[in-house]
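In the two assemblies presented below, subunit A is common to both, partnered first by subunit B and then by subunit C.
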Partner chain A sequence: MSSDDVVILCAAGMLVTAYLMVGQKALFVAIRLYGLQSILLGAVALTMGFADRRFHLLTGAALTIALKGVLIPWFLMRVIDRIGIHREIEPLVNVPSSLLICLGLTVIGYRVSTGLADGGRGVTHHVIGVSLSMLLMGLFMMVTRRKAVTQILALLTVENAVFLVALGATSGMPLVVELGISFDVILAVLVLGILVHRIAERFESMDVSRLSKLKG
Partner chain B sequence: MTLLLWTLLVPLVTGALAVLPGPRWLREARLVAGLAVTLVLSVATAGKFLAGSAPSAFDETLRVDGLSALVLVLSAFVGLMSGMYSVGYLRRNEERRRGPYVPRENERRAPRPSDQRRLVPPWRRREFDALVPLYVFAMLLVAVSNNLGILWIAVELTTLVSVFMVAFHNRDTSLEAAWKFLVLGSLGLAFALLGTVLLFASGRGLLGDGMSGLHWTRLMSLAHELHPFTLKLGVVFALIGYGTKAGLAPMHTWKPDAYREAPSPAGVLMAVGMLNGALYCLLRIHLIAKAALGPDFSGGLLLMLGLLSVAVATPFILIQWNLKRLLAYSSIEHVGIMAVGLGLGGEAATFGALLHMTYHTFAKPLAFFSAGTLAQLHRSSDFDDIGSGTLGRTPVASALFVLAAVMMTGSPPFGMFFSEMTILRAGFLGPHVVAVPFFLACLVLLFCGFFYQVGRLVLGEQPDSTARPPDPERFDVGTTTTILAAVVAVVSAFYLPQGLLELIRAAVRVVEGGQ
Partner chain C sequence: MSLAQSLAAAGLQAAALLALAPLLRSGIKKMKAAFQSRQGPPLLQGYYDLAKLLRKEPVRSETASWVFVAGPRVYFATAVAATTLVPVVFAGAPLEQAGGILVFVGLLALGRFALATASLDTGSPFGGMGSSREMTVAALAEPALMLGLFAVALWGGSLNLGDLVRATVLRGVSAHPSELLAAAALFIVLIAEAGRVPVDNPATHLELTMIHEAMVLEYAGPDLALVEWASALKELLFMTVLANLFLPLGLAVSITPTAVGLAVASYAAKVFLLAVAVTVVEATNAKLRFFRVPELMAVSLGLGFLALAIRFL
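Right after this comes the complex of A and B.
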């Protein structure tokens, strides 16, 4: 199996985790899926880094696996444990239709990827196709889910998709920038977690559709 | 250490010092002094730029050109105003206690002792003292970073800091506003990040691996080599992303909620600082697109978003029920005006837009401070709770608010009238026969709508004597700062310092000449 095959396999795995997240109602499973997705992202970066001898990718990969694969899922698990809510209520669009819509989004993602530089062929085509589909699916989850934690997961899926685009379409972002971005993502998740906690404390629920007082 | 680094370091240190204990006057003095030094250093940096040398650091990762210098000075100015007003504002809030707890519908909850505690406990006060300089630091970093990656990091930093400001009072509605703001803001920033990645990808390896690959100057110098489709996709994502931060319609929905809930000194940081910073990012992206694809693509997008913002603000100002939300829609209007000016392009319209940015920066603190004072005295920012005829009950704050309203609506003889006229004139001379009259019509409607609301609030009959009277007006720090803001706003409307005009012209040269 060549390194290109490994990259495509991992990228496809990320797309599968995104689909599973859409079809999933138990929050802790969704969080684990996100962790798996991040580890696969790290694997893509590792493989690319070793195969093309671009060793600055390795730092980014290690960071992705440690922070997004382990730390963030652990933190989110703690949040849902603390507030004791484990299941997503019925999403605004039911699961079968969600999956069908996501299928359409994947087609769109792949179609758009052909227009990019070198997007029409080989590994790049698959990686960018997968990442753009994941981006659209993340957005879709964002608008159809009601629990605060699921919205955070949707946001993080979008973030992962952006990182995958960075890997596929460029030779990875400059290292300093990547470090800064990862740091900011961690901070954002911490802040989101704090907010979820405060919301759950005051509203005794983390159903964001209850946050509807402010209008006009 | 160069001057530029000191400019960034001082607010950071001021923020860090805020966690130290100490008597209240010392903490307040430290905050205001730190921000004042920041303003002086920023002006000095801009002065150094005008004197002919372009300050830069870390291999041009930080770099000051005309546009940066202008935004740098304006941000530091707003930071100082906000810091000064926060002293008076928080002193007043510290005296207040939370009102009796009102349960929501279908809620069973025993009253807690915490319901009666202070509105602003001391530790929250310290948190705020740290957040303001940190925010100023992030704004200044936005202004001087030449690297698109660092730019993104700095904008994200402003977002994270402002979430705590919006959630400051920890009411139900504050949490709702903070949540919406953070989710929408993070999504916008994810888009902006994707845009940045795609811009980098459009270089197809020509930009190089290192830090300098994301330098704005490098992208500009290679503009003709960039892959067109990738670039277009990147520009669209980046414009939507940073447009969310600027509050351009249709990504503006976080703005009214966040402005209502944030304490007024934080509100002005967001309404001016974040707006200028995000507009600055939009402009940088627009310039890359302009150099590579010609002015029509991103210019057209900016024009469209700007017109939409002005149009969206109109009905919401007419039906508005809350003072601070009114200011938020007015801010959406103003960012729309600036985007229209930048989208029209050409030297005159660009000059108009940047002039508008400058006048807006000088006038907005007055609007926020007077509205904040009114809301504090009447214990609410909802029109129904304040009641009409405030001029009879709180004359000073009301009069200052009327003055602010005259400026914010772009009435002569104040500055924003002239900047709007400059944009309109440039527009009518250009090819946009539908867009510009539509823009003008919206501006007229907005003018009427805003004055209708202000008239309803300030004039009108006094409510009957059963209503709770407002707190008496006092000449404390808050009022003094508001009067100072009024003086600055009026003076700047008639006299802009020569150096500032030079900066605006230099910024126009950056936009029009691409250097």
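Right after this comes the complex of A and C.
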């Protein structure tokens, strides 16, 4: 197996985890799937870094695996344990229709990637196709999920997709940018975690649709 | 190969898989027990159970007709027939001229139909409930199975399982997202068809949850042995297809002792890995509520469809 094959398989694995995230309702499983997705993303960066001798990618890969693969899932699970919410995702659109919509989104993402220069065939095509599909699926999950934690997960999926696009389309971002993004993500998750805590305290639920109700 | 040779090879392959199937079931039970810090039944328990059941006298309801008697026999026969279409250790199936993917899926569907009608036959409420549930799951698992297999067939350029495996052996594993998506779809189908935990629980006789067990509740003695044996064989068959289509490493192309030995060893390793994967899924998941099962199957169907669609994009 060449390094290109490994990259394609890991990218495809990320797409499968995104699908499974849409297709099931247990909150903890969704968080673990996100962790797995991040580890696969780290594997993509690692393989690309070794194959093309771009060693600054290895730092990015290590950060991805450590922060997004382990730390963030652990933190989110702790938040959920603390506020003791109902551990089930209640989407606004039911699961089979969401899956159908995501199928359409994937087809669109893949089709669009063939239009990019250098995106016609080969690794770039698959990597960009997968990441565009994941981006669209993440946006879709963000608008159809009620709970704040699931929306954070959707945001993180979008972030993973953007990282993958950066890996596929460019020769990897400079280390400073990667560090910046990683710390941004950590900060965002921490702030959102606190926000979720506050929402749950105030409204006794994480359902963000209740935020529009007046409270006397 | 001449017809006589093909038939002999088919018989040999069917016998070998039949002999191994109970071991697979007991092995998964044993591994699951180890997961839960229990000792579990011995590895040969599957054989003891079958031997016990085969020695007993069949007890049938007075209202049962020939349909009830034919059910397990047809189920068993179709499963055995399906083994001859699947490449196991050689890059090719003994009776591959007889049919490919469509015949394979069709044979399994025929067996399922026979068992479902048979369990309706005695008129017991459990039988009807079981077959209704089985059919609900099957109606979604079957298209997912077809789509997953077609995604591979599209790349290999043939509907014949033997040809497909030869194509993958010749060209090596194609690294295409479609392969992984199809494999994931077929793995979910394997879980559903084998009646494993997120879909069905093989260890329970609780009326609210059982699917397959509800169907075969009225069978006893040799009839039950045939059903259990065929179910185990079906599980092994699905694992074989999954292993050899997506990971054709080590398949024997020639009949030399080293090639065959290597093929047998790699086949055992692949099936063992899949059994471990099934055990992990079974030990770490809770059984889904029945009305949630279609959602899981929809995921599988979606992955299968996507595997097919991505080939054209």
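Observations, loosely collected:
As a convention for this text, the second predicted complex is superposed on the first by the 208 of 216 C-alpha atoms of A that agree within 3 Å, B and C clash if a C-alpha of one lies under 4 Å from a C-alpha of the other, contacts with A are read in each partner's own complex, and residues count from 1 in each chain.
In this text, a residue touches a chain if its C-beta (ideal position, glycine included) is under 8 Å from a C-beta of that chain, and two chains touch if they have at least 3 such contacts.
Not measured: the values here are computed from a predicted model.
In the three-chain model built by superposing on subunit A, subunit B fits alongside subunit C with no clash. Within the superposed three-chain model, A:T47 lies out of touch with both subunit B and subunit C [touch as defined at top].
After overlaying the two complexes on the shared chain, residue contacts for A:A166 are found with subunit B alone; subunit C is out of touch.
By the document's definition of touching, of the two partners only subunit B reaches A:P174; subunit C does not. In the superposition on chain A, contact is made by A:D184 with subunit B only, not with subunit C. Touch criterion met: A:H126 reaches subunit C, while subunit B stays clear of it.
Angle at subunit A between subunit B and subunit C, computed from CA centres in the superposed arrangement: 160 degrees, to the nearest 10.
In the superposition on chain A, no contact is made by A:T64 with either subunit B or subunit C. More residues of subunit A are in touch with B than with the other of subunit B and subunit C. Looking at the shared chain after the overlay, A:S38 reaches neither subunit B nor subunit C. Contacts of A:T106 after superposition: subunit C is touched, whereas subunit B is not reached. Of the two partner chains, neither subunit B nor subunit C is touched by A:T150.
Put simply, the nearest alpha carbons of subunit B and subunit C end up 19 Å apart when the two models share chain A. Every residue of subunit A that touches subunit C in the complex is listed here, in rising order: 1-2, 4-6, 8-9, 11-13, 15-16, 19-20, 23-25, 95-96, 99-100, 102-103, 106-107, 110-111, 114, 126, 129-130.
By the touch criterion stated above, subunit B contacts subunit A in their complex at residues 147, 149-150, 152-153, 156-157, 159-160, 163-164, 167, 170, 172-173, 175-180, 182-183, 186-187, 190, 193-194, 197-198, 200-205, 209-211, 213-214, 227, 229-230, 233, 256-257, 260, 316, 319-321, 325.
Considering their complex, residues 54, 56, 112, 115-119, 135, 139, 142, 148, 151, 155, 158-159, 161-162, 165-166, 169-177, 180-181, 184, 187-188, 191-192, 195, 198-199, 202-203, 208, 211-214, 216 of subunit A touch subunit B. For subunit C in complex with subunit A, the touching residues are 173, 175-181, 184, 292, 294-296, 298-299, 302-303, 305-306, 309-310, 313.
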